[in-house]
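The following blocks contain the structures, represented as structure tokens.
Here come two complexes built around chain A, the first alongside chain B, the second alongside chain C.
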Partner chain A sequence: MRLSAGLRRFVGGWTILVLLFLYIPLVFVVLNSFNSSRTFAFPPSGLTLSWWKAAAHNSAAWHALGATAIVGVCAASLALVLGTCAAFALQRYPVWGKQPISLLITMPITLPGIVTGIAMNTTFHSVLGWNLTLFTVIIAHTTFCIVVVFNNVQARLRRTGTNLQEASSDLGATAFQTFRWVTFPQLRGALLAGGLLAFALSFDEIVVTEFTAGSTRTLPLWIFDNLFRPNQAPVINVVAAVLTVIAVVPVWIAQRYGDDEA
Partner chain B sequence: MTALVPTENLRAGRRPSRRRPAPLGYLLLLPPLAWLFIAYLGSMAVLLVSAFWSVDSFTGQVVRVTTTGNFGAVLHDPLFRTVTLRTVGVALGVTVIDALLAVPLALFMAKVAGPRMRIALMVAVTTPLWASYLVKAYAWRGLLAPNGPLDWITGGHSIGYGLPATVITLSYLWLPYMILPVYAAFARVPSSMWEASADLGATSGTTLRRIAAPLAFPGIAAGSIFTFSLSLGDYIAVQIVGGKSQLLGNVIYGQLVTANDQPLAAALSFVPLVVVLLYLFALRATGTLEQEAR
Partner chain C sequence: MASPTTRPANGSVTLRGIRKTFASTVAVDTVNLEIADGEFFAMLGPSGSGKTTVLRMIAGFEQPTEGTVLLGGVDVTTVPPHRRDVTTVFQDYALFPHMTLRENVEYGLRTRGVTRGERRRRADEALAMVRLDHMAARKPAQLSGGQRQRVALARSLAVRPKVLLLDEPLGALDLKLREEMQVELKAIQRDVGITFVFVTHDQDEALTLSDRLAVFNNGRVEQVGPARSVYEEPANRFVAGFVGTSNILSDAIAQQVVGRSGTWAVRPEKIAVLGDSPAPARATVREATVTEVVYAGASTRVLADVGPVTLTLTSLNTGGVRDVQRGDRIRLAWTDDALHQLTDADPTDRRDTPTEEITA
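Coming up: the complex of A and B.
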């Protein structure tokens, strides 16, 4: 490489600064959950574990976590089925309209969430007269989760080709056997990464959720409700710290099993 | 020889068509397309139709009679115009800041770092994407709080909550979405191009301006789709760190929830939609998106 020494030093130094910018807020969140000051003044006057104990017994937070997990698992499962179907159809069959279909799948995540949120709120609540519950949240989340499964599975299908499937059927396997023993193992990593991404997307979503959840609370909605209440700050700080630390888990799994191109 | 599969078919990687019948493809497409047409496009159609309804000022009930009054209010109300301009300004500011932060880092990742360092940086850049949106915005609320760390470091001169805090927080939230495509754009450039420029006598500055900048631009354009469109619809971060500032999303939310005027909220929500679409068309017109897709 022929970048001059000065330029290399500059971009290297810049990289360090940007990494600090990315990580200082996250470190601060974790640190603050141990801050013994009730007003969370900085620098901390002392460290304590008592907020963590209090948070562990906060039933509303656990309840919201449960609701979020239900939505995440249901939305990710539905998105896995729908996204995989779409990826197979576009990647393996001569169907018409591949470009507009890809665009339609991508739209829910490209256009502002508030638009999707109001659209679904109006449809579910005002027009269909439904009560807004976890059920409506699952419908909304599935809609924008399809694209991440679709992208992952499509990338994997593009890479693997069809030779093994054809060898399998030439050797006398039934369609089901080929799927069970050849296609599925090839796709497993992409399905895992796609499903995980879909779950994470759903787990964190707040805008569309706020418009489709009615009075039910997912974890992001619960956090947002309590964000401005000073007496809830200790519990919020602990929940924030936990969410920050567990963010490492999906990165590790995706790194191990995922597709780089996805 | 005639019994064999024609060789041009094999060479092109084509298979006998009996293996991939189109009808089965359409059958596979049926569930996802049905879902997207009913749940998504159906809702969007309802949104469009409802934007032409109105609210009875006496009963507060939605009246389903077609009127263009809401769009008139959206276009002519000076409040909506001010907020729209402010929101577009914030979205552009966030995009510029993210581009400035991302370009040198992406250059380092693509052209200076070794393979192991590159993977480590990739993980370091993507990990914050998995941390919760709310937690990250909340982190900035804590950092900028009165008596918070920034107040402590600056001796009480932290910028505090407001529009600048919102721009910083949004830049923080979307930065990885800018870094990844800019890195990809730099990584695609063969090193020989840099070397050729240097061999021909260009200084580093000239190489950056004449070679690197045009090459980075498609990546910045791709990243800006995220930074711009995500900022445009955001109304959560501004509530957390924005003090009393209002962006388009807050106004739309206020019309729907506080003022209980669903039709006006629907009409207003077409503003970010149209701005994002205009932005996409503008990028497409410059040809950068096609370059990115290659």
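Coming up: the complex of A and C.
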């Protein structure tokens, strides 16, 4: 489609405006992590690295980061295995009740977090009598992480069809060889993208986590706890700045390797 | 063809009483076929006639509901595809997109545990056979349709199967490329000497490529034989109409036009337009009015009304033939040899027949 020069300039300007609107607040976060004023007076009267030093020595923050990473990796891994199995079962095998099962698998991502949180809390704490720990957080996160893996893998399976699997077995490959040499390489991108997205979902989850974590603190919970404590506020800006930078990495990986059309 | 007492050679394919039903539809209905070792065999039919299902049963992707499949005289009916000495060139080629051409061609050797060096040597040899050895490091996405087709062929042949199956092998190529590949396929088949079984809906392709062909319709085999005999002596109305074009005259019309009872087929190219020359001996001559003239480059197709029916006739544009115009009165002539009697007379029995139906 050809756009007139004026329209093109307008669209270009609008795009820049939207991008600025999205990212300028993040710039403030990063900037404030160097702001020497404790109240974040703007513009900054001076720059300092002291908040970064304080953050580096904040053991609670490190601890929370560790917990978050463990939850993210475990939930994403579980989701990868379960979501892939579910996608294969529903896409490649005759299963009774495909539609309702598919709906039930994808539902957790649309359920309000507060509902999932209450439901999980009731189940773990009141019904099963478990202590709320990292383990319960992992299970809770897995329920919605499965969805993104399931959707990604199912879409890929639908798009690739079964022709290559047939060609592979036609050329003498056993079921295992076919999976290893044909099916898995084809799914690699979808698994990578699904896994990273699942990790990202888990990483910043607050609501469900709050209901299932007990006294354990993940990073988002820790930030939330300390946000309104004046002493901690500068350190939170540092943590947020670090997370912003870290968040770019998985997105970049997913875009770079997510689509493996040769 | 092997007689029941001699053991068939290695690359023979035998289908005995094959039936295949999907839910309530019958895809293949009692097919018996005997394909000899080293034969170039075509399964020709319209879409939905069961030919592809039969091919898939030979490959092992489908299991017949009834009947047996024998390869080289051995019953393989329940043997899975990866343990059959048969490979397939798929209609969409099904090349592995994440592998280079060489890796694609090596694949069947890899599954068989052939060592790396040997694998590479044989893959390069197979690629050289289809003249793509200079592109061995490319990925399928970088190739044209014709090149992909040749890679698929090399990949299937690299494992030296006893039987090669081809599913509409030239279907996705444009006309020029099809004609080139037809010649190439024929040469390759002669070179490697193994059995080729291919499926096509294109009667030209079946006639040009195959030693013998089977014409499929509604899940059954209507006729099996060498190209020439299927074309010259079609067994029934369906074959006469599907393989080439036929003027089919039945009952009352046959009586009036050729003076015989029964159903008769006349090929359009066997009807001559007489100029002022006298009719040849033992020929039927009919007066006709030209209703349509279709110029098609190498040949011209003329529709001529002889009274009870309109006949289609074709003549090569070799020059020296008088031009006919719409509305011209002409004399048509054909010899008795041009008439071929068909056994099935009931047209309602055969649906989806692309015959030029002749109605009174």
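Criterion: the second predicted complex is superposed on the first by the 242 of 262 C-alpha atoms of A that agree within 3 Å, B and C clash if a C-alpha of one lies under 4 Å from a C-alpha of the other, contacts with A are read in each partner's own complex, and residues count from 1 in each chain.
Following the convention adopted for this analysis, a residue touches a chain if its C-beta (ideal position, glycine included) is under 8 Å from a C-beta of that chain, and two chains touch if they have at least 3 such contacts.
Predicted, not measured: the structure shown is a model, and the values here were computed from it.
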Which superposed partner A:Thr174 touches (first chain B, second chain C, both, neither): second
Comparison of chain B and chain C by chain A residues contacted: B
First, second, both or neither for A:Glu166, with chain B first and chain C second: both
First (chain B), second (chain C), both or neither touched by A:Ile70: neither
First, second, both or neither for A:Thr39, with chain B first and chain C second: first
First (chain B), second (chain C), both or neither touched by A:Ile253: neither
Partner chain(s) touched by A:Ile105 [first = chain B, second = chain C, both, neither]: first
Partner chain(s) touched by A:Val207 [first = chain B, second = chain C, both, neither]: first
Which of chain B and chain C A:Met120 touches, first, second, both or neither: first
On chain A, positions contacted by chain B and by chain C: 166
Complex interface listing, chain A residues touching chain C: 163-164, 166-174, 177, 181-182, 185-186, 260-262
Chain A - residues contacting chain B, complex: 1-4, 6-8, 10-12, 14-15, 18-19, 21-26, 28-29, 32, 39-43, 81-83, 85-86, 88-90, 92-96, 101, 104-105, 107-108, 110-116, 118-123, 126-127, 139-140, 142-143, 146, 150, 161-162, 166, 200, 203-204, 206-207, 211, 220, 223-224, 227, 236, 240, 243-244, 247-248, 250-251, 255
Sites on chain B touched by chain A in the complex: 13, 15, 17, 19-22, 24-26, 28-29, 31-33, 35-36, 39-44, 46-47, 50, 62, 101-102, 104-105, 107-109, 111-112, 121, 123-128, 130-136, 138-143, 145, 147-149, 151-152, 172, 175-176, 191, 194-195, 197-198, 203-204, 208, 225, 229-230, 232-236, 240, 249, 252-253, 256, 262, 265-266, 269-270, 272-273, 276
Contact set on chain C toward chain A in their complex: 59, 61, 80-83, 86-88, 90, 92, 94-99, 107-108, 110-112, 139-141, 155-156, 159
